[in-house]
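Heads up, there are several structures right after this.
Both complexes below contain chain A, partnered by chain B and then by chain C.
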Partner chain A sequence: MTTTYGKPTFTQTLSAALAETRLRMLNISRYPGQLVLEIIIPVIFAAMPMLLGQATGGDQAAENFAANTGTTNYVAYLLIGSNVFTLVSAAFWHIAYWLRFEQETGTLEAVYLTPTSSITLASGVALYSITRGLFSSLTAYIIGCLIFQVNPFQGDVLLALLFIGFGLLPLYGMALLFGAVVLKVKESNALINLMQWVVSFLMGLFFPVAVLPPFVKAIAYLFPPTWMTNGVRSALLGTGFFFEKWYLDLAVLWVFMLFAPLFGFWVFNRTERGIQRNEGVGQF
Partner chain B sequence: MFGHVIIENLVKTYLTRQRKGLFKSEVKHVPALKGVSFEIKPGEIFGLLGPNGAGKTTLIKCLTTLLLPTSGRAHINGYELTQQDNAIRATIGCMLMGERGLYWKLTARENLIFFGALYHLNPKDRRRRADELIERLNMGDIADRSVETYSSGQRMKLAFAKALINDAPLLVLDEPTNTLDVPSARELRAVVRDLNEKEGKTVIYTTHIMSEAETLCDRVAIVDHGETLALGTVPELKASLNRGAVIRIEGVISAKASQAVSNLPGVSQAATTAINGHNQLTVMAHDQQTVLPRLIETLTAHGAVMQKITPEEVTLEDVFIARTGRTLADDTRVK
Partner chain C sequence: MTTLNVNSNSNSNFRLLTGSSAWLSTLIAMAQKELTIMLRYPVEFVASFGQVFLIVISLTLAGLMFAPQGASVEGKSGTAGVVVYGFILFMFLSDTLWAIGWNVRRDQKQGTLEQLYLSPASKFANLVSRIIVTLVWTGALCVMSAVLMSSMIGALPFNNLPLGVFILIMALSGTFGAGFAFAALTLRVKETAQTLANLFQFAFMVLCAPFFPFSALPSVLQTAARFVPLSYGVDAFRATMMGYPAGFPELAPIGVEIVIVTTFGLLMPVIGYWLYRREENIARTKGSLSEY
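Coming up: the complex of A and B.
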């Protein structure tokens, strides 16, 4: 029988987070079709503007594209956009859906009854989401490049991966912020559907953010995904970093990395306490 | 001390919005607990009885840290509520939401191992404990099928197993035999008794089934409208009715007839419930011999059809009716 309570060790906390990751993996393994779709959709998504560009730009398509973006390789440019968007979208969907689904099925209360904190659980979900998102987006990028016959490994691949790595932590900080909203309003689909399109617009899904109106451009620069997308494109295609040097753009992401998760955790925690003061997390 | 619960003046008030029109609403304060105080001793099975809306679930959710109380204090297993919530969660086992609270795409074994991880058991202990519980609750032939294929009773069993995964000194069980068939309910109660007698676990047990409370619980608290109306052992509660006789009449009995009976001299309480398509009038009287003829005369005068008249010894339900003026079937949620 349990006779004493001691604070959990780091290993125990990590083990709990990994158990949550494993639970999510087990769950999705029972829906293999979903994983296949996640690889196909970004390719189709990028193919639409690609083919539109070819149809309207004709032989001059690549040159016209280069004039505004800094690269003639519009295939890779659009594929990078759609696959980074997959990562961003996955972050919001997985965190929000985790909370909403568990609210509706009653498992949120069940896990809140355990001594594992919700932040540890969210970390486990984030790790699952990153694994799933990275696998889908990298696979989709390679397949898309092969279909449209461009080299997926041109440019500085390691630098591109560094931008993705630095961009993921602040992204999940934002997703947790969003999760707090889902927890409070008890709705996910409509919110995520709105949010992901706003973010896709701001991060320059299929266009450089330089073409946005000044006020919108200023807001876009406040989004970590904007810096992540531009960083990957610049590393692979040489389109140009915002501050001209890669380490300066990376430094901005590093600042986001410091503050975004902390802010996200703080808001999430406060929202939780507010809910516990009234109806509790079980109400759905 | 483990297994010890002390509740001091616990208050919980909900804030809700009452709609007044398309765009108008007003904030309403709903008192769910109005200063509940009692103590649960280590090693006892403590029953919580009350109708829907009495405040039982709110009380349990406050004690298990799912809700923050508005005011008041509690100590669970020696840890202070709201200050040492993680320690409380680590040392209690809960079955609160029944078959909700399980992952339906996972198997029973996977569910138990997962929750074992959340209680910080090491990987080897999680598996060992899951195997032990599967064996103890005779779930061997379903343990490796996904929960979505289980019957309702099987899911309740798994929910009970989940409550035992961390081998906590205090168990909080909210209607654990709900939807179980008779043999399974009996089996579960036997396990609860075993856990209490052989392992010394304290159990907080809520139920609507009076016979369950009477046979299982050492002490019972009757809760209604957010207050504790009575507390004691079952014999003490029954004796508290004080020289009472209980007469049950089954038949077709109108509300007017029931009201007339409750106004008779010598009658302390009268309440009507619906059973099997007809009514049952439960009457508590000081002296059965004096009251019974008058009772029959009154009911006949009001057109009642009496099919069965049964004088009975006092049950816990009678105590409940005496204290609240209602039966357990009544819904006392604040409107």
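Coming up: the complex of A and C.
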């Protein structure tokens, strides 16, 4: 007697996604050192340009910074950059590393034999990644602000959270797109390292994208994290929205929200089908 | 059937496995192996180049935001000197931790460390071969990053070259010694070494001030920096290459710093290797050389 499986119901799909989230959470809870480092790294990372700037700019550091970026609060400006960087890195690392890990350990082949789609499991990983990334970056931002003695809750905090919330979906769409590349080239670490820096550079990690050359700037505007970072900085520090009004910038993120995940799913599915046909799923 | 004449070959085999020529031959073979592995992964090869350039550009642009003319600033050779020369030592320390320390873990996980200890090959040559890869690869990255950074921030100050090179060699020698010590720690703590490597890297970024002058550090951290020998390496190297501008070196007079850096460069490899041998013997006794 053979058992046949029908299309999973929504509840079953949700259950599978949440099980994947739980699995990842359980796994990371066994490595508390990694979590602590994730909070320390963005603070130290933002401190580098801060200390260099203080030393080279002297008493004029804040004024010079304001002339170039639109705010004298360079501490919060740089901390926002380094913490959005944490979110971006988390998205790329967690999605791509999950795929590569499953591929290396041979369990990706098994996943493709179950009635649960890989997109469901990727959604579970994304949920875990968002939770972990948000926890680390928000904690690091608050701790960083307290260490450098600036108010972490100045400006329009709710609007800043809206920009983060709306920016996350297109970000994970991009991460899925990147996951497809990892499946194809069978390499994760080097590619993620490079990609996280490409995106961070384009989103204006520690500087406004206005300083970039026109061609690079045009590419930067195509990246959702650029709008997310600038939105958070403008909401909290008043550095200025790209289209001057917050709702216009948010509307751009809405467009990304509709387009990026769909495009990511499409490319990912296409790549998956390709490697399934060409004996690539379980290849190390 | 082929038979092996043990008596006639034993002396020549013995000669091949001992002495300086054998050691050198092992070193060359092992360095060649490491370089071959590196070249077999072109994606990683290209990505690491790209990554370094992007980090350099991001940090440089960030520093320039504090300058009156922003990103268009030119001729800031003081800033260029502080950042570029500090960055060179940061790159070497970072790569040493991973290439020497973490790669021991890689060999342990792959099981090749156990195999190596069954062969008569020099274990010291194994560690030194990783230094050669770091010198070749990181050296090339440093030169290119320095050119890129100085083209963005301003002309690089270039003074007292022979003394600067001497300080760099001593600082690197000490760094490699620290790499041996980290390899020893890796044998003991295993997977946790990854987190520790990250932690050490960030501790170096703060305490050894590679991207900013020591004067920018809070006084507590400045005191802590004085207990780290590599801080004097960073300070002496960049102060010498910058031609001792006002306020440099920051931690101690240059004569004192040279003595500290030279002592660090001569003693640390010995201490590091001693620690490595000690952990290695413990691992062999416990049978944990190939423990996952």
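Operating definition for what follows: the second predicted complex is superposed on the first by the 277 of 284 C-alpha atoms of A that agree within 3 Å, B and C clash if a C-alpha of one lies under 4 Å from a C-alpha of the other, contacts with A are read in each partner's own complex, and residues count from 1 in each chain.
Everything below uses one rule, namely that a residue touches a chain if its C-beta (ideal position, glycine included) is under 8 Å from a C-beta of that chain, and two chains touch if they have at least 3 such contacts.
Predicted, not measured: the structure shown is a model, and the values here were computed from it.
Room for both chain B and chain C is found when the two structures are superposed via chain A, with no clash between them.
In the superposition on chain A, A:V181 makes contact with neither chain B nor chain C. Of the two partner chains placed around the shared chain by superposition, neither chain B nor chain C is touched by A:I143.
In the superposition on chain A, contact of A:L52 is made with chain C only, not with chain B. After superposition on chain A, the vertex angle at the CA centre of chain A, spanning the CA centres of chain B and chain C, is 80 degrees to the nearest 10.
Contacts of A:V267 after superposition on the shared chain: neither chain B nor chain C is touched. With both structures placed on the common chain, the touch criterion links A:Q34 to chain C but leaves chain B unconnected.
Of the two partner chains, neither chain B nor chain C is touched by A:L159. Here the smallest spacing between CA atoms of chain B and those of chain C, following superposition, is 10 Å.
On chain A, the surface touched by chain B in one complex and the surface touched by chain C in the other have no residue in common. Residue ranges of chain A in contact with chain B, taken from their complex: 1-3, 5, 7-8, 12-13, 15-16, 18-19, 22-23, 26-27, 30, 105-107, 109-117, 121, 273, 276-282. Residue ranges on chain A touching chain C, taken from their complex, read 31, 33-34, 37, 40-41, 44, 47-49, 51-57, 60-61, 64-65, 67-69, 74, 78, 185, 187, 189-191, 193-194, 197-198, 200-201, 205-207, 211. Those residues of chain B whose C-beta lies close enough to touch chain A in the complex are 2, 14-15, 61, 64-68, 79, 86-87, 89-92, 94, 96-97, 100-106, 110, 113-115, 117-120, 122-123, 146, 162, 166-169, 199-201. The residues of chain C lying in touch with chain A in their complex are 41, 43-44, 47-48, 50-51, 54-55, 57-59, 61-68, 70-71, 76, 78-79, 82-83, 192, 195, 198-199, 202, 205-206, 209, 211-213, 215-217.
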